[in-house]
Amino acid sequence: MKYTKEYFLRFMEIFAKHLAENKDYLTQLDAAIGDGDHGINMDRGAKTALQRLSDTNPSTPSAVLRTIGMALLSSVGGAAGPLYGTAFMKMSIALGNKEEIDDKELVKALEQALLGIKGLGKAQVGEKTMVDVWEPVVTFLKEEIINGNKELKDVCNELVLLAEERMKATIPMQARKGRASYLGERSIGHQDPGATSSYLFFKSLCEALGGN
Amino acid sequence: MKKLINNPEHVVKEMLEGMAAAHPELIKVHFDPNFIYRADAPIKGKVVLISGGGSGHEPLHGGYVGKGMLDAACPGQVFTSPTPDQMYEAAKTVEGGAGILFIVKNYTGDVMNFDMAADLLRSEGYKVESVVIADDVAVEESLYSAGRRGVGGTVFAEKIGGAAAERGWALEEVKRVVQKVADNVRSIGIALTPCTVPAAGKPTFELGEDEFEFGIGIHGEPGRKRLKIKPADEIVQMMMDAILADMPLEKGDEVALLINGMGGTPLMELYIVNRKVSQILDSIGVKRYKTLVGNYITSLEMQGASVTVLRLDDELKELLEDPVLTPALRWKS
Amino acid sequence: MKKLINNPEHVVKEMLEGMAAAHPELIKVHFDPNFIYRADAPIKGKVVLISGGGSGHEPLHGGYVGKGMLDAACPGQVFTSPTPDQMYEAAKTVEGGAGILFIVKNYTGDVMNFDMAADLLRSEGYKVESVVIADDVAVEESLYSAGRRGVGGTVFAEKIGGAAAERGWALEEVKRVVQKVADNVRSIGIALTPCTVPAAGKPTFELGEDEFEFGIGIHGEPGRKRLKIKPADEIVQMMMDAILADMPLEKGDEVALLINGMGGTPLMELYIVNRKVSQILDSIGVKRYKTLVGNYITSLEMQGASVTVLRLDDELKELLEDPVLTPALRWKS
Amino acid sequence: MKYTKEYFLRFMEIFAKHLAENKDYLTQLDAAIGDGDHGINMDRGAKTALQRLSDTNPSTPSAVLRTIGMALLSSVGGAAGPLYGTAFMKMSIALGNKEEIDDKELVKALEQALLGIKGLGKAQVGEKTMVDVWEPVVTFLKEEIINGNKELKDVCNELVLLAEERMKATIPMQARKGRASYLGERSIGHQDPGATSSYLFFKSLCEALGGN
């Protein structure tokens, strides 16, 4: 399949819709082990991104992702702002100025995004952060799409299930990074908000494929 | 949630407008991106100090902008780190050719956003240094966490660093002395009630009618443990035990104290806290050189208090005494 | 009731001990009877200013003892007028031979207790004068009541009277200028929550989750009316309407503002209040000469705010600008 | 009947007991239309008075009343402190240094107390203060004891009923003096705390007569 700028615009609309619908839920998750702003921040960021996209009408996938990245960087704040902002910026850089992207290029861009997140936040899998969703999902996509020559649409059911499972797997973890780590053992038993918004991120990538 | 606000989404902007109206002789406010800066900036040849962090901790940081303290402060959304474009624009507005020092409270988001701003500025040829304040002894196994949080010690770091910069010290020297503050300051906080972020509309956590939270941060994040409420003296003893276990003080040491209210605690209670803190220090022969009592770094309307102890040497004492003229801290000017 | 206290019956004493420990360079504290006085008292030939009132309004009055403001402050029990022996002993401790001015907030108990102290002192040959502050426009038909309450205007009266006394003015002159403040100052307060007197253990009144009290006093006494909560701008408009109806201001008039928190309100909200107050004054061409924003006269942990407007002339402006050095207010020193 | 210093000591103990028992009640009444401290203040004052009496052991009725008055003045504060303090001081002055007081002298002393309260507080009957109990009760005592030659013990039932009735009569009044006056019409419908403690004062005067 080919991914055009329209795909990424659709993705951002769907991601924004999920963030808006889950604003309170994400905020509640963050209130339990953080400072209760993750949903508010992500929702504000997504709305800013949509606004900037409609104001500036970028012409390539890379330009769309750059616009989103800059919008998130300058409007989300907190830990999630630079992390998601960097993720989109890295994807933008990875895509160069192509009009159309193929599945392998898309996965490589996501891999760069993951590296950006890990470079900035220094988190490893198991530390109860968004990395706990991103890393296994990107590994899965590399396996299936780059090595296995499948397309994203072929693996979407599995991908969303995997993201959800990894998101839930953060519940028994003790946080080692971010605000939740201050709680020590009291962070155990709660789902990580950033892992949850990351699940929504990957779900949106898939939903943007169809009319869905 | 009952608050004296108009729209939860506009609280930061409207607060900044109210600050600008109140203190035109001291500060100016820039919007989009938001930052507060000295009315007399830029000052040629002076190192500039910039701090920032989530809003809701007022007077920190905006209330400390002025002569002898910060050159600019970047307020994020409530309890949310500011974004790199704020620090970037603030730095370009106030810098005077002698370099920029960021004072950053140790929170993942703050550190990442300030780092990104520093990278941007450095890529344009500016000299930028950062000191991270991580004074909260409530965070125990800091090797396995994001590290200690930056809390009350930040006020002393900004005051003392600001004095050094005002004296015309070079960037390396200003950084050195702020790092010295960071190394010699310890804090711990407790909360009797949570607080409510306007945009969230409900309390950040729940606390029973007979409970208090020991080791609270400043973002409404829960603390080290939840305990049954006790007399103030016992709570203060626990707080001082935690500080002194981490930074033992000896007879003859001199300290500056910050007995800080979290926003909703009456001054009466803070003085009752100071009474016990003073008794404990007196009993081990530690000299109380200077004591600040009041709301200096808050968590909205949270009821609670924090205690900050800064171990002093002659250099820190002198810089602490230097004139300061800001909306929230002023002496000798 | 959760408070950072030990024993409800000892809060005033322990607070005073904490104050003495915090500010030894500025104030001393006398116990039994209780009063706070300038560390450098008595000052020969200087008129002395003494105020006092119930505790629970900190920093008022003890926080305003020092150079350029009060010579002594007499704290009663929480929300309870001090007793005559306090003012009597305080006056004898600080007086410098040039007379004594009592600044009294207009509450039945305060007025009676200060009157009794004045009588006692006069019977021993001291010159004693009093100015009663009654600036609360919330009290409407003052002919049929104990008269207007003394609230935020007291802070300006103490500052300006203190400056006059520090300049060496005679008792009659100091009294004249404090009376001028009293005549030209108006205040009004609102509350979002009640507060709890430690010894009572329960809130002073009840307020629904969506209500606020308009025209609140500073003793947890209910106000003029109870209304459904509104946006801050609408509440501030009501407050300013009440003040301006009582003391119309004209284009070109200059004022000092006190945007005061009742103890439990975040500074953020006070700045949002100041934003609207400033807009209203600007729109009628009134010049904002000086603005104080913060907790200056409180009701324990009550959430709410008051606005005080002082109409200035050149004399009041000069005295307002004079140096002041107290625990809670300091500039130019 | 003759009133010795023991009578006044007994009176103070009974008055203190009533104030302690009604501390919360008086405070509640004051919270409704004042600042919620009347019970706390009066209880503290009464305890201080008892302490001073036992410390100094005054030898005459006048000295007992003076000790009580000074104790109340320096420990009650608020409006009630100077008012009750003055009342006891005026009684003390009226009794001179007699060892024994008769009924008429007692009533004259109470009349001086009332004058003291009115002189200081400037309140008239009908303004919802302690004067609403004191004035009718003192008028009644003058009528019965000074003009009618009765003794206090003969009129105690009536007196306590009268005091109670005048106390309750403050409920429909609008306060014109003291803190409650700030409430305007909202002070209507609440019983005045100072009138209530005054009722306890007169009740104690009677109860001190018997072993009761």
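Chains here go by letter, A, B, C and D, matching the order in which they are written, and residues are numbered from 1 within each.
Basically, contacts are C-beta pairs under 8 Å (C-beta built on N, C-alpha and C of every residue); 3 or more make two chains touch, one makes a residue touch a chain.
None of the values given here were measured: they were computed from a predicted structure.
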Whole-Å gap between the CA centroids of chain A and chain D: 75
Centre distance in Å when chain C and chain D are each reduced to the mean of their C-alpha atoms: 32
Euclidean distance of C-alpha centroids - chain B vs chain C, Å: 29
Residue numbers of chain D (touch at least two other chains): none
In chain C, residues with contacts to at least two other chains: 78
Contact graph of the chains (line, ring, star, complete, other): line
Pairwise chain contacts under the document criterion: A-B, B-C, C-D
Chain B residues within the chain C interface of the complex: 2-7, 11, 14-19, 21-23, 55-56, 58-59, 63, 192-193, 209-210, 212, 229, 231-233, 235, 259, 263-275, 278, 288, 291, 293-295, 298, 300-301, 303-305, 327-328, 330-333
Chain D residues touching chain C - in the complex, by the definition given at the top: 27, 31-37, 40-41, 44, 73-83, 120-121, 175-179, 181-184, 186
Complex contacts: residues of chain B adjacent to chain A: 33, 54, 76-85, 107-109, 112-113, 115-116, 138-141, 144-146, 149, 197, 199-200, 202, 204-205, 217, 219-224
